[in-house]
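Each chain carries a letter (A, B, C and D) given by its place in the written order, and its residues are counted from 1.
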């Protein structure tokens, strides 16, 4: 942490700042510039992070030097974290492209069984499907709940595909974790800290979506909540941020993909469906994510999207999904990567 | 809902759209323009809200006409909703300016008792103070928890000030509601729909903060979650949105105040402290909020902000708070309004 | 400027950085922290500002300490800059609230003469009116051009009100400056650096609007362009920024007002009309600006806004404008300020 | 254009609206919904675009149906517009990937000649290089001006590469157009309408960069300014938008690429350098752009970026550029496309 003093700070102002820093058990290091004096604070920056240094009238600004996340930082781990999805050989982060597909919400037993078969056939390595749905309006369809979890379990039993499903409430974590192979935490809950902590203790990998206005630092701190509970299996998912542009539903932050790959050892996938908001833009965005270095995709697919109860506009048909997979395979090969394959 | 067809839509495309609308129990109303044909859908717009109309290749866009919130809409209520804070004569929304003040978090028994006395003396009508704190980093101070609730109850017993405190987790709602006079839902939980529903059933007024990237429509829909559970006592709080500008912590959306006052019958307060992020900008922003028509303020004050365990940089000293109150009184008078006074 | 090295930087990495800093004529000051080493650079920070320090693989980040603007910084001037509008006694920045009013564009001789009389009567100290209008679409009305300048001159001759009018193109500066008392530079031209430079040499005060996505630092640097040409008469105008919220046309950044008043000696006015985008929200936003400490207002008024050729939705009628002035007067008085009055 | 009336609008309110619409030469088409009445306006929507309909108190909102751009709309042209760069066989928009490369600014004769040779060898089809540079600070290096144009001409003479260079000021258009093969209009000038018009008449293709907070609609309207002057050779360039995220310099709006390809017949390229702001993120973003369907890239390259006078941090070395080209070639092939080759 560096404390920058105002140009008009006096020696006595400086002494007060130094005293405060020492009081916190840190060592001050003064550097006098031409117009401003700065004080570097040597020691554990965390001790200073919440100290209201701006309360000193002579302090102009504070510049943090250390990163606030530790376990999520790339330097923490020896290599890339690989998150296994069930008993498969590899896992997300192993270099291959992992595609997770399925409907926004599980609408019936038949539709989820059909979807599971189809996406498996097209090459998906996991099945997504919402049992509990977060909805902006209280009047919208909010999922079939526990019944949907049963259908998902049946789909897994038939296809072998591990199940990724969302958890919305701390009180649901236990029941969802009984069925799910991966707990999904949605964008709107990225800073639901109680839920993050609970998910960190549920013993299942977590797919964490970036909040729609979360900075990448906040995103990594949200992952840190889960990691700090002893759960090292976190998959980060970029799904579009909220910007001034409303032509598409969200603006997928493509630069976040290579940035995160440098900054953290955790695997990174993208969700092109929520960013696009409309079916015909999903494939180009998905391919862009792969080209940018993502470890996988989370894609909404539906056997009959025109009759979907939620997100129908942005869901791929099963046929279009198969075409996407073909293109992903080509792009992956061009990059010297491959498409992950489901466990036998 | 209006369905806009592409310029090249054929008669058969139009027929398909009409059929779909009729199938949903709505009446289509076709209007042929010079380049585009549009179809108005007469009936309950909610039936159409989640139908993936963009699935029809001939559909260019969908224009909603009705608002998705009902109970929060101004036309729903005969006049302004007045939210009583305990047994006081008036309430937030009655025309007077209600100021709620106190520390970011309750740090000790002594500090909350001192603060309560001081803010009461300066004219605050309620005491705020966090027992459970949402923190971006898992390594930050997260509040004293249940102990803090006891201290708040004691402060209320001494001063008569009703207590506003945050609830973070559905599992905490019951215990927090036993002490709190008003449940606060923070910005990061504005779309924690399980929490909204739970708070809607707790039998206490709710102070709902706007999410940092929530549109005003989403803000009103979050209120609708609470209202739809039978709780009509919702106070909306604008606390700054996230924009590209980082010179201040957040950008207080001042235009949201008069907009909400027109759009809804619910009372609107502002939180100048989180928007400013630094003490010396809190008062001008607070006064701006009052001038724009807010029903009240939620202000962070601390007996010794330089030693606060959270948000010290943006907390007013008790002396500065008294000065703010004096200025609010003047501005209120200039607008033909007055400062609310605490119940005797 | 502080150079932060990566945790794994070696001594040899550090030496290279030190060498580079010395090569630039600056003195390096090394501070070794627990995980990272930082190097403060003592001397003229400008020399380092454009040096690609991130090219050194061991450099993690660069933290600027000095501000990039000099002439615009508060410490540059002894007190507040007061920008005189013609021969009036006072000027914008002298503590009184200066209101500049008039139509979006000058639509006819009669309308501008009428407006000038009315706004003067209501207490405005200057007349605004566009002769050359920047329009998003090439098919929109773009102003009456030179003819409008003549009408504005006539309005000034009749009322004594100085004229504020926009200049869009470097080639127009000379002709507009012949008539205008104040040159306005619009939001979309805030980083039209050629225009800023030209306006800086035209010998007339400049009212500079903040770009719709300009940071406050960029805003002050745009002012610096004008100041650095020897023109010290710059009025800053906050007119709303572009955010994700589209319920209003723009989000007026109310916090920018007190921030700028601290950061610079230049006067600050707000334009509530463009932020609101609709008439019924203009007054609350205007009052908020005054309460936040603005030196004045720039308000769109029109004798018959329902027939205006541009911005009619957000223009006040002359009657409503008079009511706004009454309220501004009250708020100003509550703050111990007053409404500026036109030169006799 | 559809006029939506408030729920409480009376028959007489409706009549006034109808009268206004008829007065403008349009045909009103009334549709009575359950809570709101709407009026479709049949005829030329442009006539209504600037009419202040919100002035009618009974009008709640206005929904535009037609798009405000005509010449830029996909339906205007029979197929994709192909912009030829000099006498080459093909052009940008012909399906092949066109890469334009070169330094941020031309710093010396030698460096631009070297760069031109190298980028040509690596497969670039055009040379970029700034003679006149827009700079946020008045104290930054602003390019070598006319001298740089001469060097660029010499580089072209030697390599055959057409020259893309920026024009900042209407007064420079003529002189820049004498040398440049393509006029570049930068992001900060995207709504410098005088410059757009002038560039539209200069007889050279225009590479138009998206403003950093311009919506895609505004971007297409800026192109419309150029097109409406009779110049059909416009290349659109997405270069990153300004959002709340500051980890990277800008957020490249990857979804804009497929959106624009559907919405307009004009070719679309991306500039990964400005979005990334740092060298190590340029390649992944560039590849993402290609995968998303861009027609080309605009990339900053420099023979010695560590000593560049501007944008050194984000410039590729000539070696890294060659590696990028290799990867682009692979990705293009995976998509069934190819890399454009320079004219012999």
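As a working rule, a contact is a pair of C-beta atoms (placed from the backbone, for glycine too) under 8 Å apart; a residue touches a chain by one contact, two chains touch by 3 or more.
Owing to the predicted nature of the structure, the values given are computational and were not obtained by experimental measurement.
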Target chain D, source chain A, minimum contact steps: 1
Reference chain B; chain at largest CA-centroid distance: D
Chain B and chain C: spacing of chain centres that average the CA atoms, whole Å: 31
Centroid spacing, where centroids are CA-atom means, of chain C and chain D in whole angstrom: 27
Averaged-CA centre spacing for the pair chain D and chain B, given as whole angstrom: 39
Sequence positions of chain C contacting 2 or more other chains: 213, 242-244, 246
In the complex, chain B residues that touch chain A: 46, 49-56, 68-69, 134-141, 168-172, 188-189, 191-195, 197, 212-213, 218, 221, 224-225, 228, 242, 278-279, 305-313, 315
Chain B residues touching chain C - in the complex, by the definition given at the top: 213, 215-217, 240-241, 243-248, 251-259, 262, 275-276, 280-281, 284-285, 287-293, 327, 330-331, 333-335
Complex contacts: residues of chain D adjacent to chain B: 2, 4, 7-8, 29, 31-36, 38, 40, 42-45, 63, 65-66, 75, 213, 242-244, 246
